[in-house]
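As structure tokens, here come the structures.
Shared between the two complexes below is chain A, which has chain B as its partner in the first and chain C in the second.
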Partner chain A sequence: MTPSATLRSGPSYWWRSYLAILRWDLTGLRMVLPITVLVLSLAGAGFVLAVDLFFGQVPDKAALYVCTGVLVVTLVTIGMVLAPQLIAQQKIEKTYDFLWSLPVPRTTAAFSWVTTNLVISLPAMALALAVAMLRYDLPLHLTPMLLPAVLLVVFTGTMIGYGLAHAVSQPMVTIAISQVLIFLIIGFSPINFPADQLPGWLASVHQWLPFAPMADVIRASITVGVVPDVARSYLVLGAWAAASVTLTAVVLGRRK
Partner chain B sequence: MPNSVDWTLRVNEVTKVFNNKVRANDGLSLHVEPGEVYGLLGPNGAGKTTLVKQIIGLLKPDGGSITLGPHDLVADPDAARQLCSYLPQAQMPINSFRSREAIEITGMIRGADSATVKRRCNELIEALELEEWRNTYGARLSGGVKRLIGFVMATVIPGRIVILDEPTNDVDPLRRRLLWEQVRRLGEQGVAVLLVTHNVIEAEKAVDRLAIIDQGRLLAEGTPSSMKSADRGRLRLQLKMAPGRSTPDLPPLVQEHTRVGNSLMTVINEAEAAHGIGWAQELVGLGVAEEYALGSTTLEDVYIRMTGDIEASGSVTAP
Partner chain C sequence: MTALALREPRSGPRYWLHSYGAMLRFDFTGSREWLPAFLLVQTLMGAGMAIIYGFYLGRMTTPVATFVATGAPTLSIIPLGMALLPSLVSSHKLEGTYDFVLSLPVPRMTGALSSLTVFTLLSVPGFAIALAVANWRYDIDLHVSMAIIPAVALASLMATSVGYGLGHAIANPQITNLVTNLIIFLVLMFSPIAFPIQNFPGWLASAHRVLPFWHMANVIRGALTNGLVPNVARSYEVLGLWTVGSWALVAWTMGRRR
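Coming up: the complex of A and B.
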């Protein structure tokens, strides 16, 4: 086996590397993938049903917000919470260096993570949406904009988590931040409820954070007249996507 | 790229400083030629892993250069990753992989076509006698077999240089021998092998040349024989002390001694071998020592003398 004398480059190098590293990622998660999809699906669908059980009679507006908001939660939980924890785990187990010594373009590893997160979160989102449509009499109108909205939400959420996990050198800090994030997403972000239910200052802050725009773009793609200014949400979310990609590129290109 | 390219790895005056004070590498220079098995020896914290991480593009040197053939590995970490194969000291993250899957996917990641990867995978699995674990999940492998699978992953489609960090950890003696055969094969195929290890006795048999480093600096470099040349005319007289016995008063013929646990290693002049044996027999007769052995000095003796201390607990050094 004589070693190669030439370096690989170009689009076919990128594509082949992407496929190989995606196979590596999916095989590496094989033991936990089915259970993760199941838990996330049950959590999403369960949350939709639990609200009804808890309150008995859910006002139409609240039902609409919960049913559309829970889709966002299922889409970003893996990318923003579980993925950073997995990367932190690689650092703790000292396998991080081996994975980063593999001869693939750095961007293929990032895109593989996005694909993996889509594989896990899409079934969960679809189930939550189906349960919501069956359980509640909601004025939902699925439009083709759902596809770009889902892709943008998953991409941005994954890139934020990914950039964060690589940027923070201490794995325990990464795990702590990702746990705070899940509380912030579920409890203190205008995802499952309108922003005007938050204190004024927090609602203002959320105009510039990615969570409310994520909810807006998903909600606008399946409802009519609920989201007043979706263009702004796309702009803010797009800016977060660009910023997180830049952060990831800088962090992955950095050598200490 | 023409075949006449010189694929020598050249590490030139590499310096790496952490937190503005710890000089992990301090002006290190060495070269590894194609086909050569080169040992990098040194105690914990000597700077071996730091050097390796700079070669494979994970760390950036603060000074000096690292080149492999025509490629500047410091300026082009992507080239570094393509040209270097790496077996880290930690176990591979393959718990969810069947052995052959882990090997085949790594081969694909290294850019080879499926047929070549499968052929090489089978070749190495047979050579290392790992057939019975071909379809076993990594989580169910013993430490030694997992280590060997890691070795196959690192060498299935080798780069121009293969870096092996403690490749024989946990591996049984028979398969260690098979592994060293494969390392030799890599050399025959023109691959440069950089072997990072603490295991001096094993390294002495496996390497063509070696470097001993400590505190980030190169202490010595050469073939195992040339390293031992200063010890010609000297012998090692090793005594196994009876449990609980302290080191006895040493006669003047003992030039150096080291105690690790119950093992007392002494160095004596060849001309005084008979006196040395007499002294050892006396200690055995008194019950102070249980047995003794006389032999030529080894690379380990050179290593211990150079690095100046011993890594085992309860050790004493008196040069």
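Coming up: the complex of A and C.
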């Protein structure tokens, strides 16, 4: 056989590579994909229901914050917590080096990964939102801004996790960082509760971290008058997205 | 010479005690591998949750704060026995250590007792840290009575026994992993440990009168406060039943010929 002489560049080559890698990602995860979607959905919906038990009689404001914050948690958990662990696992098993030897543009791998994360987290987010609307009488107003907000949150969350997993060479360190991240997201970030319930210094730190802006852009797109300044949140989040893309590009572009 | 030592009888209280000591050393030495990572998880679950629940609840009245502060130490006990121990047993099964330990010339009961001893003792530091952090954060008046010793001992022994039973009884490590994650989820979100059982819908409250989690919180809260827990004796009974039941399960799985 003579090797094919098609051009390895151009948009159509990129698109075909993207689809091939996406198929690779989804096929590789086919055993765990349904269970992951299920667990994430149950965790999201469970969180919405559990807050009632925390309070006894849950105040309207608290319910609104948890129900909108849980959407962010379901959107970023896979990208920031599970994905770094998966990539760390690939490094241990050496699948990692094999993947980079494939004749596809490296950006397709990143975009395919964002798509995969979207596929996993969207059903969970939708279920959490549905349960929240059924369970509590919330003043929610879904606007079209939900779409860019969800895309930006998933993109940024996934790319931060992705950049982290690629940049840290020790798999065990990656796993440890991602474990701490989940505690940070659920427990120490103004996602599920207002920032003024955090100590002042921590609330200030969160103005520059990506978590609070993530919650802000999602909340602003489905509520009225809860988030005062959403433009700043988009800016901070955009900066994090750009930074994590740059980090990933530098790490992946490097010769080994 | 060693040949003589081999002829010593492999029975009797002296042999038993000697075996128990050897197994204790074996288990403590093995724990060095996972102890640091584990202490982190235990601290996060206990002390961390004490702080996190506070963020969720915002400004709290004293009774609510008291519940959170006296519930958090209980939370620190649970992951040790009910999540780490079963996954340790199942990873021993994967690595073949399980069969190796069973092949050691010691009475099988000493191996089980040594694991229970080690894990029951290891829960103490995490418990103390959680209690100290919760106390510092919420600044409430605790009345620590001597009952704290049997309360922590029994709660921890019960958690360890149930976890040990789970690890032995479930053959597939992946199912063990699933069950332990489910327990953590259930404990953190749907258990009346840091919140009064009155907040729970009737069916869930009834389930928790049979499950051990609420009773663990009860005996510990009973030893830390005055008059907040009405019927501690009943909780001690339920915990005792869970402990003995788990031992029966372990005895049955270990005694089986394979």
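Things worth noting here:
We take it that the second predicted complex is superposed on the first by the 250 of 256 C-alpha atoms of A that agree within 3 Å, B and C clash if a C-alpha of one lies under 4 Å from a C-alpha of the other, contacts with A are read in each partner's own complex, and residues count from 1 in each chain.
Everything that follows uses one rule, which is that a contact is a pair of C-beta atoms (placed from the backbone, for glycine too) under 8 Å apart; a residue touches a chain by one contact, two chains touch by 3 or more.
A quick note: this is a predicted structure, and the numbers were derived from the prediction, not measured.
In the superposition on chain A, contact of A:Thr95 is made with chain B only, not with chain C. By the document's definition of touching, of the two partners only chain B reaches A:Ser17; chain C does not. Touching more residues of chain A than its counterpart among chain B and chain C is B. Of the two partner chains placed around the shared chain by superposition, chain C is the only one that A:Leu198 touches, whereas chain B remains out of contact.
In the superposition on chain A, A:Met159 makes contact with neither chain B nor chain C. Touch criterion met: A:Gly28 reaches chain B, while chain C stays clear of it. Look at A:Ala62: by the touch rule set out above, it reaches chain C but stays clear of chain B. Contacts of A:Phe188 after superposition on the shared chain: chain C is touched, whereas chain B is not.
No residue of chain A lies in contact with both chain B in one complex and chain C in the other. On the chain B side of its complex with chain A, the touching residues are 1, 3, 5, 53, 56-60, 71, 77-79, 81-84, 86, 88-97, 101, 105-106, 108-111, 120, 139, 157-160, 189-191.
Those residues of chain C that touch chain A in the shared complex are 37, 44, 48-49, 51-53, 55-58, 185, 189-190, 192, 195-196, 198-200.
Residues of chain A that touch chain B in their complex: 1-8, 13, 16-17, 19-21, 23-24, 27-31, 90, 93-95, 97-105, 255-256. On chain A, the positions that touch chain C within their shared complex are 43, 46-47, 50-56, 62, 66, 176, 183, 186-188, 192-194, 197-198.
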